[in-house]
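Okay, got some structures for you below.
Next, two complexes with chain A in common: one pairs it with chain B, the other with chain C.
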Partner chain A sequence: MSFLLIRVDDRLLHGQVALGWGALLHPRIYLLADDRVAADAWELGAYRAMAPEGTRVECRGPAALGREWGGLPDREGTVVLFRGLSELALALEAGFEPGGAINLGGIHASPGSQEILPFLHLTREQSGILKTLLARGHDLFAQELPGGARYGSVRLGEILGGLRSQSGGEEAGGGGAGRKR
Partner chain B sequence: MPRLLSPWAATGLGVIGVGAAAAARAAMGAGAGGDLALMLLFAAWGALVSLDERALGPFVLHEPLVAAGVGGALVGRLTEGVFLGLSLQWIWPGLRPLGGARQPSAGLAALIGVAWYLLLPDAIGPWRFPVALGAAVAGAAWGRAAEELLRGRNALREARVDRDGRPLWSGESLIAAGAAEALARGVLASALFFAFPLVLMRLGASASTGAPAALASGPPPGAESWSDLMPPEAAVAAVWFFAVGGLLRQALGAWRSSGGGTAVLAGRAGSTEPGAGEGTAGVEAIPGVGARTPAADEGEREAFPPGVRRRLWIPLLLLQGGFSRAFQQRSGFRNLAESLGRSGSGPARERAVALAGDLAGGGALNTHPGAAAALAGALVRVLHGRRQEAPERPLARLLEVGGAALAQWADRAFWGAGRPLLALAAMALAPVAPAASVVSFVVGGVGLELGVRSALWAWGARAGWGVVSGLPGRFWRVLPGWGSRLQAPVILLALVVLVATAGFDRDRLAWAMRLGWFMLGGLAGSLATRRVMLWGWMCWGVSLTAATLAAGVPGWAK
Partner chain C sequence: MSTPGRVRAVLVTHGALGAELLKTAEMILGPLEGCSFISNSGKSLDELTAELGGELCADEPQVLFVDLIGGSCGHVCASVQRRFPRVLLATGVNLPMLLEFLHHRGRVPLQELKQRLLERGCDGIRCFGWDEERDG
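After this line comes the complex of A and B, so read on.
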C-alpha cells in the first residue's frame, strides 16, 4: 500500500501543497518527516493550526519514519513531506519504502546551490544524493504543481549528467536546466 | 542610485507615461500623429498593467475586464474594450491555479486584444474579434515566459549581491529594479504584439487600397450587445464554450475544495482529533505563541513610532516586484526589514537591521502577498511593542514559518474566494452596464483587498509571534470556504445575464450556429481536460440550441 504523495519541499506544508495538490488528492493526513519540527512544539503547532479543515498534521523524524512507516494508519490518505533530500535519504536508509514515485516539489536557493530547475536548486552534496537515489532505482519526478511541467527520473538523470542546454518538460512548459547561479 | 531606483520612481514613470500620451492624443486628434500618440498611450497603460500584474496586485489593473475596459476608454471605445475584456475574463479565471504558480499574463493579453480589435484594418471584416482574441492569447503566453525570465533576472541580481556584498544594492534597490523591469515588459509587449505588426498591416492595407493609413479613424463597429462582437464562427464559439467549461470547473472545484463551508453548514465541523484542522487545537498550550497571550488579550500594544505603518505600505505593495526564481520574496522582506530599521530607534532598530542582514544572506522566503501584511504587523509588534516580547527564535523564523503557514489561508481567501467573486460580479454586470462593471471592479477590488490587508496588519500587530498559529476564531478560518461556495451561484447569475443579453431576437440562426459550435468546443475542451465533464457540456449545449430553435418556431422571438 503506497502513500498518496511523497514530496520533498523545503517549506513543508504551504499553499502549493495544501491547495494545489490537496485539491487534487484530497489527503486526510499530512505527515511532516522532519527532525526540526518534531523537536519544536511551536512550529508543529503552527503547521497544525493552518492545515486545511478535515485534515490533520502529524510529525516524525526521518529516521523514525523509516522505522515506523509500516505501522502507520491510512497510508493511502497520507501526504508525506520531507524538507530536503538528505532527510529523504535518511528515511530510506532507515527502511522507509515509498511504494511509488517521489515528488521533488521545491528546494530553493542556498549558499553554493545550482539551479537545476526553476524550483530546484541543489548543492553539490544534494546533487550527489539525488544521483545516488536515481542510481538505486528510486522513481523520482520533479513537479511543482499539478498541471505544471513534469520531469521524470530519466530527464532528471540527463540534467544531472551535465546537460547545460535549455530544456522543456516532459509534458509542458520549460525550465532552465543546469543554469549556474 | 538607491534614491533614483525608488519604487515610487518606477510607478511614477508609468503614470506620467499614460498622462503624457493621453495629452498628446487629445492634442493631435485622429490621424497619423494622433495614432502615434495612441500607440504610446497603449504602451504606457501596458507598462502600468504589467507592473500591477507583477507587483501591485491589489489594484486589480491587470484583471482583463479592467485592463481592456480602461484601454478602450482611453481611446474613447469603452464598450468594445469592456466586451473584449469580458471575453478574456471568462477564459482565464478557470485556468488560474491556486498556490502561487506562474499564470498567463491575462492583463497584458486583454490590452493586446483591445489594441488589435480597434486597430485592425477594415479589410479584416467579421474576423476582427477572433483575430484580436488570438493575438491576446499569444500575448498571454509571451507574458508568462517574460515573467519567468524576469524572475530569473531578479535571482541573478540577488545572487550577485550575495556574492559581491554590494552595499548600494539594498532591498529597496532590488525591488525597484524588478519594478522597473516590469514596466519595461509592458512596453515591450506593446511594441512586439501590436505596434509593429499593426502598423505594418495598416501600411500594407493602405498601399493596396489607397485608403488613408490612419489607425483608429474608422467608424465604431456599432456593437449593441456583447454578442454583436462575436461572429458565429467556429473558433470564437469554441473558445467561449471552453471558457464557460473552465468557469463551471472552477465552480465545482471551489465547491469541492472549500471544505469548511459545508462542514459548518452540516454541523460536522469541530473534529475532536488532535490537530484536525479545527484550528486552535493543540496550539493553546504552546508557550510563546501570542495570539491568545495576555499581552494580546489585554489590548496592550503600540508604542510604535509614528508613521511606521504608513512607511511600510509601499514595501508591502511592491513585495512581489523583486520576486525571484531562486529566493522568491526574500528581497521584498529584506526591503520591509530595512524600512522597519529606518523607522525605529534603539534596540528596535538594531533588531530590524539584524533581521535585514540575516535575510540578505539567507534562504528563500515566500508567502501570499496579502499574508505579508500580517507578518509585517507582527514584526512591528515584536520590534516596537511596549512589552518587547523577547523573541526566543531568530526573527527570520517568524517570516519563514508564519509565511508558509499563512500562505494556505491567504491563497484561499484572496485567490480562491475574494478575487474570483469580485471578477464574477463585475462580469455579471458588464453586459448591462459596461462602465459600472469596470468601476465596481476597481473600487471593490481596491477597497476589499486593501481593507483585508489592513485588517491582517492590525491582527498581526496585536498577535506578534501568534500570527504563526493562524487567525483566531472559527469565523475567520471558514470565511474563505464560504466565499468559494458563493462562486457557483454567482457564475450561474453571470451566465443568465449573458444569455438574457445575447440578442437572440436579432439573429436566431446565427445563435443556433454558435451554440452548435459551442458543443464541439466543449467536446474538444472536455477531451483535453476531464472526460467526466463531457456529458454535462454536451447536454448544456444541446439544450440551449434546442431551446433557441424551438423559441423561433412559434415566433416567441422576433
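After this line comes the complex of A and C, so read on.
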C-alpha cells in the first residue's frame, strides 16, 4: 500500500502542501521525515500548532523511516515530507519503499546552486544524488502544485543531462533557466 | 494588568500582502511607526527565520501578523517564539485586524489587545446579497 504523497520540499509542511496538495488529497497525517525536527520538540510543536484542521503531524528521522515505514498506520492517508534529496536518499538506503512516484516540490536557491526549474535549485551534490536516484530506477517527478507543469523522470534526466559543470560558473543548458546563485 | 508601552508589528506574509496591508493602513491612518513586513517569496525556511530574527528585539513587546495558518510564515513565527518570548503571534491577518491593532496598541493591556484582534479580525467578515433560496 503506497503513501498518499511523498514530497521533497525544503519548507516541509507549508501553504502549498497544506492547502495546494492538501485540498486535493485530503491527508490525515503529515509525516516529517527529518532529523532536525525529530530532535527538536519545540520545532515539532510549531508544525503541530500550524497544522491544517483535522490532520496530525508526526515525525521521525529519514533512517528511522527507512526501517519502520512498513509498520506505519494509515499510509494511504499519509503525506511524507523530506527536507532535501539527501534525506530522501538516506531513507531509501535504509529500506524505505515509496510504492509510488516521488514528488520534487521545492528546493530553494542556495550558494552554488543552479535553477533547474523555477521551484527547483540544485547544487552539484544534489544533482548527483538526483542522477543516482534516477539511474537506480526510482520514479520521480517535479511538480510544484496540482495543476502545474509536471516533469517526469525522463524529462528530469534530460534536464540534468543538459547541465554543464557547476564549478566554473557556466550556465545550465536545457530545461531550466540556469540562473546561478 | 499592565498596559504595554510601544508594541511593534511585523507582518510576515506570502508575496506582497504584508507590504500592501501596511501601505493601505497608512492610507487610512497616516504614517506608521514601529511597523515592518517580511515576505516569504523565494526564501527557504532558514533564510526566512534569519530575516525574522534580525527584525525582532528581545526586550520589546511585538506582534507578528501572519496571513495563513499552516504556511511557512506561520511556522517560522511559531518557531522563533522560543527565542523571543515577548512576541504574540496572530494568524489570519486582515485589514480590520491590523487597524484595530494600530488603534489600540500601547493603550490597552495585552490580554484585551489579543481579544480585540480576534474579534475585529472576524466580525468584519460578512456575506451580503444573493440568497439561493430567496433569489433562485
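Here is the rule we use: the second predicted complex is superposed on the first by the 162 of 181 C-alpha atoms of A that agree within 3 Å, B and C clash if a C-alpha of one lies under 4 Å from a C-alpha of the other, contacts with A are read in each partner's own complex, and residues count from 1 in each chain.
Convention: a contact is a pair of C-beta atoms (placed from the backbone, for glycine too) under 8 Å apart; a residue touches a chain by one contact, two chains touch by 3 or more.
On a predicted model such as this, the values are computed, not experimentally measured, just so you know.
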**Q.** When chain B and chain C are modelled together on chain A, clash or fit
**A.** clash
Q.
With both complexes superposed on chain A, which partner does A:H108 reach: first (chain B), second (chain C), both or neither?
A. both
Q. When the two structures are overlaid on chain A, which partner does A:E43 contact: first (chain B), second (chain C), both, or neither?
A. both
(Q) With both complexes overlaid on chain A, does A:D34 touch chain B (first), chain C (second), both or neither? (A) neither
Q: Once the structures are superposed on A, label A:E87 by its partner contacts, choosing first (chain B), second (chain C), both or neither.
A: neither
Q: Pick one for A:H14: touches chain B only (first), chain C only (second), both, or neither.
A: both
Q. Any idea whether chain B or chain C touches more of chain A?
A. B
(Q) Under the stated touch criterion, which partner chain does A:E144 make contact with: chain B (first), chain C (second), both, or neither? (A) first
Q. What residues on chain A does chain C touch that chain B touches too?
A. 10-15, 18-19, 42-43, 45-47, 49-52, 108-110
(Q) For a test of understanding, state which residues of chain B touch chain A in their complex under the given definition. (A) 97-101, 145, 148, 151-152, 155-156, 159, 162, 253, 256-257, 259-260, 263, 269, 271, 273-283, 285-289, 325-328, 361, 363-364, 366-368, 393, 401-412, 416, 468-470, 477-478, 481
Q. Which chain A residues qualify as touching chain C in the complex?
A. 10-15, 18-19, 42-43, 45-47, 49-52, 108-110
**Q.** Residues of chain C touching chain A in the complex
**A.** 14, 42-45, 47, 68-72, 74-75, 78-79, 81-82
Q | chain B-touching residues of chain A, taken from the complex the two chains share | A | 10-20, 22-23, 41-58, 108-111, 113, 115, 118-119, 121, 144-145, 147-148, 174, 176, 179, 181
